[in-house]
Structures are given as C-alpha cells and as structure tokens.
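Two complexes are shown next, each including subunit A; its partner changes from subunit B in the first to subunit C in the second.
Showing the complex of A and B:
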C-alpha cells in the first residue's frame, strides 16, 4: 500500500503554471455580450425614478422587473434580491445590468444612467441598529438572529467566584482577496439557462436560479470554471452574480459575461463579519468555573448566511476549554452595508480571538503562565463541549502544545528576550475547529457522492465540490485510487457540472476531505467489491451522520459537529519602538487534523491559512465611513506580500477520525483561527500591554504606549 | 494606431487604441490568457510580462509604449528550458494552489534567476514582492525558487 500522506505532484498544477488553465475571464465566444452592473450611489434610499438614455442597437438595460420568478437569492432567509426593486439598502447594491457587444460602450452607458433617490435614514453601525430609533432594516429590531444557550448553572458560578473578570473584544472586517475576481458567464438556449463561473457551490447557484426563473431543475445547468481562490467569498455571493448574468442572457438570448474588476470586488462583495464580543468569567481557586459570552456580529444589510456564521461563532465561544458553566448569547445585527458572508473559519475566528486573549489576560492577572493556565482548562476525551456534545475521541492537546513549545523554544525565548533595536515578543494560542457543517447542516444536506467506473477501467469522481486551490483534485483522487489500488492517473475528476454530478453539497466548512472524501472512500470500497474489468459500474453513497451524533437545533444542545480538529500556534514578532509597526518573524504550528491526505497540500493550507490570519490581526484594515468602505482597492486594502510573511515551521499530530477517509479530519479553516490570537499575545508580550482588538494598528499602539508611558512616569 | 513589436519571439503588428492597456491587447488581440488580470492597479503581479527582459505589470503599460520593444509572456517563456526547470521545481515544491497568480510568479522568478542565479532568501522575497498570492503564505513558492536555482544552475549562469 502507498502512504496516503506522501506528497504527490498536484494534478491541476502544470496547466496553472503554464497559464493554460481557463479561469472564468479566459472563456470567450464570438458574439458574446459584456455586462456591467449599475449600483446604488446611496446607502439607504427609495428609488424614485430611473432615467435611461436612448440605447444604441444591441445594448440593453435589465432590471428587477425582468425577473420571471422570485427576486430573492435562495439562502436561509428570504430577503436578499438579485437586483434592487424600489429600495436600496447599501452603497453599491446592484440595481440594473447593462449588456452589449462593446465593453467600453457598456461602461459608458452604465455611467450615463441617472437614478433619482429619496434617502431613508441609514443605520450605519451595530450600536445604532440595536438602539432601534430609525426604521429597521430587518423585522422589528434589526436582528437577523438572536440566540442563546446555556450549560450548567452560570449564576451560581458567578456568586461562588473569588473574582469576576469582564472584558470586551473587537474584530474588524476582512476581505478575501482571492486573486481571481468574481465572475460568471451565462447562456440561454431553448428555454435552458447555463452558467459557467468561479464558485464554491454549484448547487447553491443552481437552486438560486431555479427560483429566480421559476423553472424546473432540468432547465438550469451550472458549471464551475477553474477557480482562483475562494476562502468563503465564493460560497453564497456567486449566486447573485450568476442570477444577474443569467437574467442578461435570458433577456437577450445571447451569452453574457459579467466579471468584476478588483475595485468592484473589494468594495461590493461579502466580507468577514466584524464582531463585538463581551466575556465575563467567574474565577475560583485559579480556575475559570463559569463564563458568559455575548457575541454581536455586524451582518450588513441582508441576512445571507449570518445566522449560521453566528452559530459557529457561538459554539466556539469557549475555545478549546472545558468550562462547566457556560452561557452564550449571540446577535446578528442588520446595518446598511454590504452583506457580510462566509470567510474561512465562519464566525469561529472572532470567538477564538476573544477567548484566547481573555484567557491570556486572566492568566496574567492571576500571575500564572498563560500556556500552563490554558492547558489546565483544556478539553479532554469524555468532556462535554459548550453545547453539551461529547468528545469521543482522544484530545491530544498536551502533545500538540509540547511539540509547538519545543519547536519554537518558547520558554527560553520568552524569558531571555532578544535584545535589539526592536521590541521582541512571543505569543501562544491553542484552539479547535468543528469539522463539517454546523448543527444539523449535514443531516439536511444528505450529500451524495458518485463513482463511475468506465469500460476502460478508469474511474470518475462525480461530486459537486470544487478545487479552488485547496487541493481536492489531488487528495480525493488519491483517496479513491488508494482504496481501489489503481494508479492515481486512472482517476478522473472534472470541474463539476450540475448536469453530470449529484449534489454532494457545497465546498465549505472544511467538509470536502472529511465528509465528501468519506463518501468517496466508502463508494470506492463498494466499487472494489463489484469491480469487473471492462464493464461500466456506478456506485453512489449518501451521507448520514454516525448514529451516536445527537443534536437539537432548537435548543442548541448536543454534538454541534461530528468531530474536531485541534491546534496550537506560537508566533514571534518584532515591534518597532518608534513607528509601532509589527513585523511577524516566525510562525510555528502543530495541528491534529487527522490523517493528512497529502503532507504538502496540508503544509500549503497551514502556511496560507496562518498568513491570512496574521494579515487579519495586523495589516488588513477595512473601515466604514458614512456607509462606505474607506479601503476600496487592493492598493488601500493591504494583504501580506512575501516580505511581510514570516518563516513557518509546522508539524502534525494525527488522531484519526473513523469516518473520515483514511482518518482525515478538517483542515482548511483550522489553520486560520489560531494565528490572530497568537500575534496579539506576541505584541502584548513585546510591549507589556493588554490588547482587545484586531487588526492591531500601529497608530493605536502608539496611543496605548503614550498612555502607558505617562502613567509610569 | 498600428504598433509593431516583438511578441514571444515573433515580429507582430497590431491595430489598437494607443491608450489601451497592454494587458487587454495581449489577452484580446492575441488570446494570451496566461496573462491574468488580478487587480488592474499594478499591485498583484498576475499580469506580469517581460518588456525587454524587465518585469512589468501589463495592466499599467499603455499599448503605445511597446512600439519597437520585445514582450515575452508566459506563453513565450514556456517554450524554454528555463521554464521547464521552473515548472518542475514549482511542482515538486508544492508551490501552486489556486494558480491564478502562478504565471505572474513564473515571470518574476525567471527574471530573478537570470540576473541572480543563486539568490538568498531575502533576495527571493524582494523579487517576488510585486506578486500577490493569497493561498500559499509564499514559503513553498520560495522553496520552488530555490529548487529551480539549484536544478538549473548551469542554465542560469549561461
């Protein structure tokens, strides 16, 4: 048997290096029309009138009125229109689509359209939304979601406590900056709509279009084109672009290409939810015996996936710690800004930043070493999670932590701080990530994966999950080939086309390797038994949660996830004592993500996820002013370059999950969540201060240090 | 306006608006889709090409400026032995994830190794600092560059 973890060359890499792989914008066809969206220039307003200039032949302007079915993007709630009707709820909300044969002319027309508005008082912040003095955006109180769950007796814990510590944390917006901007190409032929584009979830797009065109499933075809990064940004948002492009094709009968430019993508697509998190801890005999966490997410103007993002955030509220008495309160709040959406970690990064930083602060106040303090609260096998789910598998945190400490030489570096022109600091974080869909998501999805053995004895993987860079083109091929004992090259895996593949669910929630890979693993086992050379054989497997998983979606009780991955990070920083710029020098990580399906691909996930997390904590600043983002281009919104990136050193501890393929668990998001709190702890260590907010901006550090120096004088 | 220039080793002449971006001309008039538009602001390097041997971001170059010059894109580069070394090295180092940025990186790596066959870590980071990658954290791309430097030792010094 081959070692499944042994790296192989990625199957999709050669054509990407050569520039041959076709991303959405690389598809071109004769007679194709270009599309441009006309967007709201108001933050919140009624549309009073639209003045369209006389259009040259072949040019069209398309509005919500042209939608034959329902003008709502199918998601959890029923509030987000493809194109605004009579009201706009954020600056940049799509109102019209202009299409035509010459791109420059299309742009010219889109700029000459005049829209008359009547302003409605806009809700520009979460505070304002919660005050509820202006006409609400959603429902009666601007709350897309308002949740609560409890474990143990929290009040009793607070009354018994030696000390109660309460702190508040803030996290900012984050923009995905996948290198390939969003885009779709739509065609309309004989009553059938076909969409090709950059996406994570072909069936999300398909289901959205079925409702938009009030048509039957066989009238919609969705095909993923090679996708240049997603990180969650291409989870729900592509449904809107696809819906708008498809409407253009439907109206004109021609192929329509709608590709965003970077500025459009930065300013008008979904972002990571900013959060405001309050943690109150009851400390007794040196232990946190009770905790109350309140998580408030800025959800933007439409519900999108915010309710589930909030759930994942809430279920991660106590991090990797077993605290007997827990109360978690969560609110997803509507404001007049771009809808917030999925982004690697999906609500968990905000919570993990808050709980990790809180635990550091409590440890410091108690005069304890943060690592030892955290380890003394760690989850163990047999413990119950915040929602009362049972940890059935070994939790190898001590091993993970010991390894990252020795790898980084943490204690000696912390004690004997490097002397230099810059201020040196080292920080630690430990954390978990719930694998797969949150709550009853997988039960509702009931994903199906199919394997088709062809007459030539090659085996095709038929699933709706995509490779957006994270590697399933390679890892899933390996899984199937390994079970069947055939060469990797004999497994075929094309970009999904909804005409050809079953719905194996979206490419999200770190579920592809563990959940879909698990289905493929079982399908391959069955195929192996049925194998007859030269014959066509099809095997299908449908997902069912293991029987022992119990979950109550109403009360948020039980196993919120079938399994968890674990990790610990150490980060070293140098802070400039004059400018307070943070230079992240080294990042160490040890993860238990089960059996790695390819060590190199996992290594790539770790580096990339951590650097995105480091950016989240430092450089990636996005602010709102009067309902608009101040950072509207990639020049203003800074992501790390090779000069900003630290050196990474990583290792794995592999506790296999019995239902994951070869024991694989979740990986993609886990690699993101621990970096920001470790950076924060390192900066705190360098400057000997407490911090409560990311991104950590030099100008804020300057203010904090000036105050600190004054008080010390 | 008609502009004559050398593109991937061949003399070409093309009619286009002199103010149009080199990026659009390469993609639309010549079908060179390996030149990617990632930002249109000269920040990401996905549209990098060689102009008389120097790395430029083709989204910032007005088409008229290439008159009489030599342009090499990934499509031209991939016929060379140097490209093959870079390709093999990136494959073995696991440098590629989503791949949208990769052709631009190959252009920068080629230019670096041609000028500096044995670059140090810091020099590699500087050479690729005009190329953004959101997937890899850069380290495995840097590993790929080092591998290419080693494997193509004689070639780079030639």
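Showing the complex of A and C:
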C-alpha cells in the first residue's frame, strides 16, 4: 500500500514547464476566423440603431437576431442574454460579434460600427438599487434574491443580553486574474456545434448551447482545452463566450476563435460580489448568545449564480461558531455593472471576514484574548450549524488552533512586540468551509463518474471535471490507481469531451476531490472486484447524499453541506509608520481538509489560496466611477507578486470523511477564506485600531490614524 | 506603419531629419501606450525608429567630474554600475521587474515624461542635464527644462535623446522612497528622492524631489535654500512645519485609479519630514 498523501510528480507539470501544453489560443486551423465582440459604451441604455459599414467579403457581423433558440444563458434565472437585444445593462455588455479571416480587419470593422443609444437612468450602487427610485433592473425591487432564516429565539437573546454590539463591514470587488484569459473556439459541421475552450464546467456550456440553438443534446459537443486557472471565473462565464463563438460558427459555417484580450477580461468578466454585512450580537456573561447577520451582495446586472453565492454566504454567517440564536437575512441586489460571479469561496469569504472581525472586536471590548474568546464559541461534534445541520464528525479546532499558535509563537510575539522602524502586528483567524455544492445542489446534479478498463489493462477516468491547475490530473489518478493497485501511469485522464464523458458535475465548490473523487473511489473498488485481464470493463457510479443528510431548500433547514473542512491562520505584518503600506511578512496555517490526496498539491493550494486572500485584503482595489471600473488593466488592478508573498509555514490535521476518497474533504476554497480576517486582525494589532473594511488601503489607514492621533492629543 | 532599424547613428540622425519618426529604445512604455488589441501591432502615430542597438547610445562613462549615461542604456546596467549614485540606483532597482529593466532604458524613462517616471526625482536632485542630438548638433538642457508636463518634453522632431549627464554630488545622507501599488511591477503612487550633505553639524547641501504628485517632478530650490546653512539642531518641529508649509502649494496630486490626492499629498509631506528629521 502506497501512502496516498505522499507527493508524486504532477502529471501536467512537464508539459506546462516546457511550454508545450496547448491552451485555447494555441490552437489554430487553416481558414479559421477571428472574432471580436462589440460592446456597450453605455452603462444602461436602449439600443436605438446600429450602423454597420459595408463589409468586405468573408467578414460578418452577428447579433442577437441570429440566435435560433433562446437568447438567455441557461443558469438559475432567465435574464442574462448572450448578446444584448434592445437594452444594455452594463458598460461593456456584448452587443455584436464581428468575425473574419484577418484580425486587423476584424478590429477595424468593430471600431467603425456605430451604435446609437438612448440612456436609461443607471443604478450605480447597492444603496441606489435598494432606494428603488429609478426603473428597476430586475423585478420590481432590484432583488435577485431576498432570503431569511432563523434558529432559536433571537429576539429573546437580545432582550436577555448584557450588551448588544452592532457593527457593519464592507468587502470589495475581486477579479480572478487567472493566467490564461477566457477563450473559445467553435466549429459548425453538419448541423453539429463543437466548442473547445478554457472552462471549469463543460456541461454548463453544453446545456447553455442546447437552449441557445434549440437543439438536441447530441448536436452539441464541448471539449475543455488545457486551462490556465479558473478560480470560479470560468464557472458560468464561459457559457457566454461559448454561446457567442458558436453563433459565429453557426452563421458562417467556419471555425471561429474568440479569445479575450487581457484588458477585456479584466474589465468585462465576472467579479467577486462586493458585500455590505451588518452584524448585531447579543452578549451575555461573556458569550455571544444571539446574532443577527444581514448580508447585502452587489450582484451586478444579471442574476447569474448570485442567489447561490448569497446562500453560501448566509450559511457561513456565524463562521466556526456555535451560537444558539441566529437570524440571517440576505439580499442579492441588481446594479448596472458586470454580473458578479463565482470566485473561490463563493460568498463565504465575505461572511467569514465579517464574523471573524466582529468576534475580534467583541473580544477586545470584553477585555478577552480573541483566540481564547473564539475557541470558547467554537463548533464541537454534535453541535448544530446555523441552519440546524448536525456536525457528525470530530471538529478538531483546538488541535488546529494550538498547532498554529505554537508554530507561529503567537502569544510571545503578541506580548513582546518587536521594536523596529515598522509597526508590528499579529493576527489570528479560525474558520470552516462547507464541502461540495450548497444545499440541495448535489442532489439535483446526481453526478455520474465512469471508469473504463481497456483491453490493455489501462484504466480511463471518464468525468466532466477539469484540471485548471488545482491538480486533479494527479490526485484523481492517484485515487484510482491506489484502489486498483496499478501504477499511476496506467490511469488515463484526458481533458473532458462531452461526447465521451458522463456529467459528473461542474469543477466548482471544492467538490472534485471529495465528491467526484469519492465516486471514482467506489467505481475503482467495484472495478477491482470485476477485474479480468485483457477485457474491457466499464463501471459507473452515481452520486447520492449519505442517507443521514436532511435538507429543506425552502426553509434553509438542515445539513447545508455533507461535511466541513476547518482551519486556523496566523499572519504577521509590518506597517510603515510614514506611508502605512502593509508588508505581510509571515503566514502560518493549519488545516483539516481530511486526508490530503497529495501533500505537495495541497501545499500549493495553501500558498496560492492564502496569497489570493492576502491580495483580497490588501492590494486588490477595484472601484467604480460613473458605472465603469477605474482599474481595468493588470497595470492598475494589483494582485500580489512573488515579492509580495509572505513566508509560509503550514501543517495539516487530518480528520477523514468516510465518503471522501481515502478520507479526503474539501481544500481549494478553504485555503482562501481565513487570510483576509487574519491580515485585518494583524493590521488592527499593529496600529491599535478597529477596521471594518477590505481591501485595507494605506489611503484608508492614513485617515484612520489621523483621526486616532487627533483624538489622542 | 513600417519601422526602421538604422545601422549607424548618422543614419538615425539623417532619418530623424528627413521626416517624423518616433525613436524607440526598449519600447516598454511605447508598446503599451499604442497597443490596440491582442495579436495586433501597436498603432504608432509615426513610424518607429529602433535605436536601442546603436553602440554610441549605450554605456556609462566618466568625463572629468561628470557621469554620463547614454540614453539607450538599459536600466539593469544602471542598477549594477558602481559609479551610479545610490539615490538613482535605488530608484532603478525598484522599477518594474528584472525583465523590463533589462530592456527599458533611462532615455526612455526620461523621454516618456510621465509624472510617475521613477528615474526623474533622483535625476532632478542630481541636477541632471539631458543632451539631445540631431544633424544640427548637440543641445543640452537641464532636466527640468526638458520635462514640459505629463507625456511632454522639449525634444524637437529631428532630435534623439543622446545622453543624461550630471556631476556626482558629495552627500552624507540620502533617502529614496517609492510608494508603489505593490513591491514589484508597480507604478508609483508617489516617490521621494533626497540627498543632503551635513558637515560639522551644518547642512551644506540639501535637495529633494517628489514624483507623481504634480504634472512634473517637484523640486523647489528656494525652499532648499532655507535648509542649507542651518545647523542640524535647528531642524526642530517648528522649522519642519514651516518647510512642509512651503512645499504644500507645489504638491498638487490627483485622485486616480492608484491612489488619492489626499494620501499622496499627506504622505509626501510626511516623507519630507522624515528626511529632515534624519539629518
């Protein structure tokens, strides 16, 4: 028996290091056309007229009118068009596609198209949307979702409280900046549409195209090309590009390549939802006995996945804490900006930042040590979650926390602050992440994974999940090979092609290793029993929640997730006393993500996830001005570089999940959620202030410190 | 638009005299300024003349008491050269990333005349001269005469930037700070360069310059003169406040996608104070 956690060489490493991996833009074929999208230059307007210049032969301009089926991207709501029809709802919304053989000419044509607009009063902020004085973007009140759930008796908790503390928190936009911009290549052959591209969810794309072309499933084929990062940005958004590229292929009968320029990708693709979170806590005898959390998300101009993002955010509202009386209110609000979308953590990072920072503030107010205060509220096995779900597995938070404290030497550093030119601070966070789809998502999906043993005794993994850099090419091979006792190299796992693979669901929600890996684990067990050398054998497994899982999607009651992963972070910062620049020096992390399927890959997830979280908390500023983003290139939208990365020290505590492969739980998103609150706590410690907002900009710290110094004089 | 690669300096100058060319060295600013869409060549408003490979335009030399940096010398050569004053070296070291410093040039950074150009504040405090060359001959301008405003300089259409030269001053203190959006590959929110010479407790020389807080780098000789001649113990809170007040009208930053006018102004003044206190 090999140790499943022992690192092996990644299967995708050599082709990526050598530069031979072919990403979507590396594919070329003779006679291929290039596409460019013509976008709205208004924030919100009616399209009055479109003036297209005379087109040279071989060049085409394609509009919503060319769509044979439904001009809506299949998602949860029915509002988001592939190409705008008569109204545009955000600056940059796709209106037309120009295609042709020469990029130069395509560019020229797209620049010379004139569109006449009639402005509609734009809704530029959540506050404005909630006031509802302008014509609503969605429904009657601009709310894509308006939810509520309760546990215990919140009113009673507030009336019994010694003290009621209320605070408000804000989090900003975040752009994914995957290394590979979005792109698709579409072909049309004999009534069949084929799409190749950078994506997380081949079947989302396929289902979107079925509706767009009003056709049968066998007329659509979707193939993932090697994908250079996703982070959620390639969850729902690729359906739009695929739909537009496919329309070009359908209209011209030729292969159409539509790959975004980086600037297009930064400005016009989905972002993380900015949030405004109000927390009101009832404190009695040094404990938070009741809590009311109101989460308002800016969802942008179309619903997209915002309702589920909001649900995950709401279910994470109390963080890793058992609070007996809970009320959570949530709203996803429409505004005239690009639709917000999936991004690593999916609503949870906003909530975890808010609850962690709130718990810090309450602890400080009560004169308590934040770590000890938080631990005293922690979830334990047998507790019920905010939605009343049962924690059936061991919650090893004390062990996780103790380990991160000793690794970082937290208490002695906190007590004896380093004297230096810079202001030193140290911060702590503890948190959880729900594994797999939120609520009844997995039940609806009913994912299928297939293993095919070939006559040459090699075994092929047939699933629709993709490797976008997070490592399933390696980890899932290991799972199957390990169960079967065959060499890792004898397992085949090609990029998914919907003609060849069953729908094992999207590559999202940290579900691939735990849910799909679990299916493959069980399929491999069965295959082992049926194994006959030299014969072809196919085994298929379909997902079902464990029977003990109970969930009411209407009332948001029960087990919102089948299992949870846990973690604690400590972060050390130095703040420049003149410029208030934040230098994140060291990051310590201990996670329980079940059995790691490869320690090296998990370490990569930890470094990448935490650095992305540190960027979210400090550098990644995206602001709106007159309905447009001010930061719209990678020169101005700032993500951390290697020089901005702290030194990492990480460790794992592994409480296995019985239905995960070899006990694996969720990992990818968990590594992101704790960094921002730990950075925030560290900066608060360095400057002896309270903060309520990320990103924490030096500009903001300057004004806070000026006020602080004034009041101290 | 066809670009031209001249084989000799004379050929370059004669081409420059014949019609309007845009001289290009590393192209790290110009390629971005004129970019259009992916995979298309940038749209230069006039034909680019690629001059980076002309040997007469590269190298760092001493001539009497002056240091000469030829215009197309890559930033990474400046960063690694022992004769370069630390205040300039430090500014160059913090620019962009190693790859860009290998190809970006000092002449390009000066010619770009960006308010956030990182070599400008150090060159201002070094009293650098910019030497322009054309078929008609050389023309030497003080750097503050050469820089005319954001993206504007005093180069005539037939001229190329030939070299940057300055006397290496004697100084006992230097202070360089780039406040960028992150630690590398970042544009400046603001930057500060200062040098001073203190001997026997008397400030004999004092020069500071600030970048990205006005349409062009700030250097105010009249204010510096108030500091020169002072004893270090005279640099007290009251004196520092009066100097900061003197600088205030010259520091006229804007709000933009990288920072706020308020932060830029306040931080500039805090850096001035910090440098004065260190004397």
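The rule we apply is simple: the second predicted complex is superposed on the first by the 713 of 713 C-alpha atoms of A that agree within 3 Å, B and C clash if a C-alpha of one lies under 4 Å from a C-alpha of the other, contacts with A are read in each partner's own complex, and residues count from 1 in each chain.
The criterion applied here is as follows: contacts are C-beta pairs under 8 Å (C-beta built on N, C-alpha and C of every residue); 3 or more make two chains touch, one makes a residue touch a chain.
These numbers were taken from a predicted model, which means no experiment stands behind them.
*Asks:* In the overlaid three-chain picture, which partner chain does A:36 touch, first (subunit B) or second (subunit C), both, or neither?
*Replies:* second
*Asks:* May I ask you to decide whether A:702 touches subunit B, subunit C, both, or neither, giving the answer as first, second, both or neither?
*Replies:* After superposition on chain A, A:702 lies in contact with subunit C alone.
*Asks:* For A:581, using the defined touch cut-off, is the partner it touches subunit B, subunit C, both, or neither? Pick first, second, both or neither.
*Replies:* A:581: touches subunit C, not subunit B.
*Asks:* Touching A:17 in the superposition: subunit B (first), subunit C (second), both, neither?
*Replies:* In the superposition, A:17 contacts subunit B only.
*Asks:* Just subunit B (first), just subunit C (second), both, or neither: which does A:261 touch?
*Replies:* In the superposition, A:261 contacts both subunit B and subunit C.
*Asks:* Now for A:643: first (subunit B), second (subunit C), both, or neither, which partner does it touch?
*Replies:* Both: A:643 reaches subunit B and subunit C.
*Asks:* Touching A:635 in the superposition: subunit B (first), subunit C (second), both, neither?
*Replies:* both
*Asks:* Per the contact definition in the header, classify A:9: touching subunit B only (first), subunit C only (second), both, or neither.
*Replies:* first
*Asks:* With both structures fitted on chain A, tell me whether subunit B or subunit C touches more of subunit A's residues.
*Replies:* Touching more of subunit A: B.
*Asks:* Where does A:534 make contact in the superposed view: on subunit B (first), on subunit C (second), on both, or on neither?
*Replies:* neither
*Asks:* List the residues of subunit A that touch subunit B in one complex and subunit C in the other.
*Replies:* Shared contact residues on subunit A (touching subunit B in one complex, subunit C in the other): 261-262, 635, 641-643.
*Asks:* Of all residues in subunit C, which touch subunit A in the complex?
*Replies:* 32, 36-40, 97, 177, 179, 181-187, 256-260, 262-263, 266-267, 270-271, 274
*Asks:* Which residues, counting only subunit A, touch subunit C once they are in their complex?
*Replies:* 36, 103-104, 107, 259-262, 578-579, 581, 619, 623, 630-631, 635-636, 638, 640-644, 698-699, 702-703, 706
*Asks:* Considering the complex alone, what residue numbers of subunit A touch subunit B?
*Replies:* 7, 9-10, 12-14, 16-23, 25-26, 28, 176-181, 226-229, 231, 261-263, 468-471, 600-601, 603-604, 606-612, 633-635, 639, 641-643, 645, 647-648
*Asks:* Show which residues of subunit B lie in contact with subunit A when the two form their complex.
*Replies:* 31-41, 43-44, 46, 73-75, 78, 86-87, 90-92, 94, 96-103, 106, 124-126, 128-142
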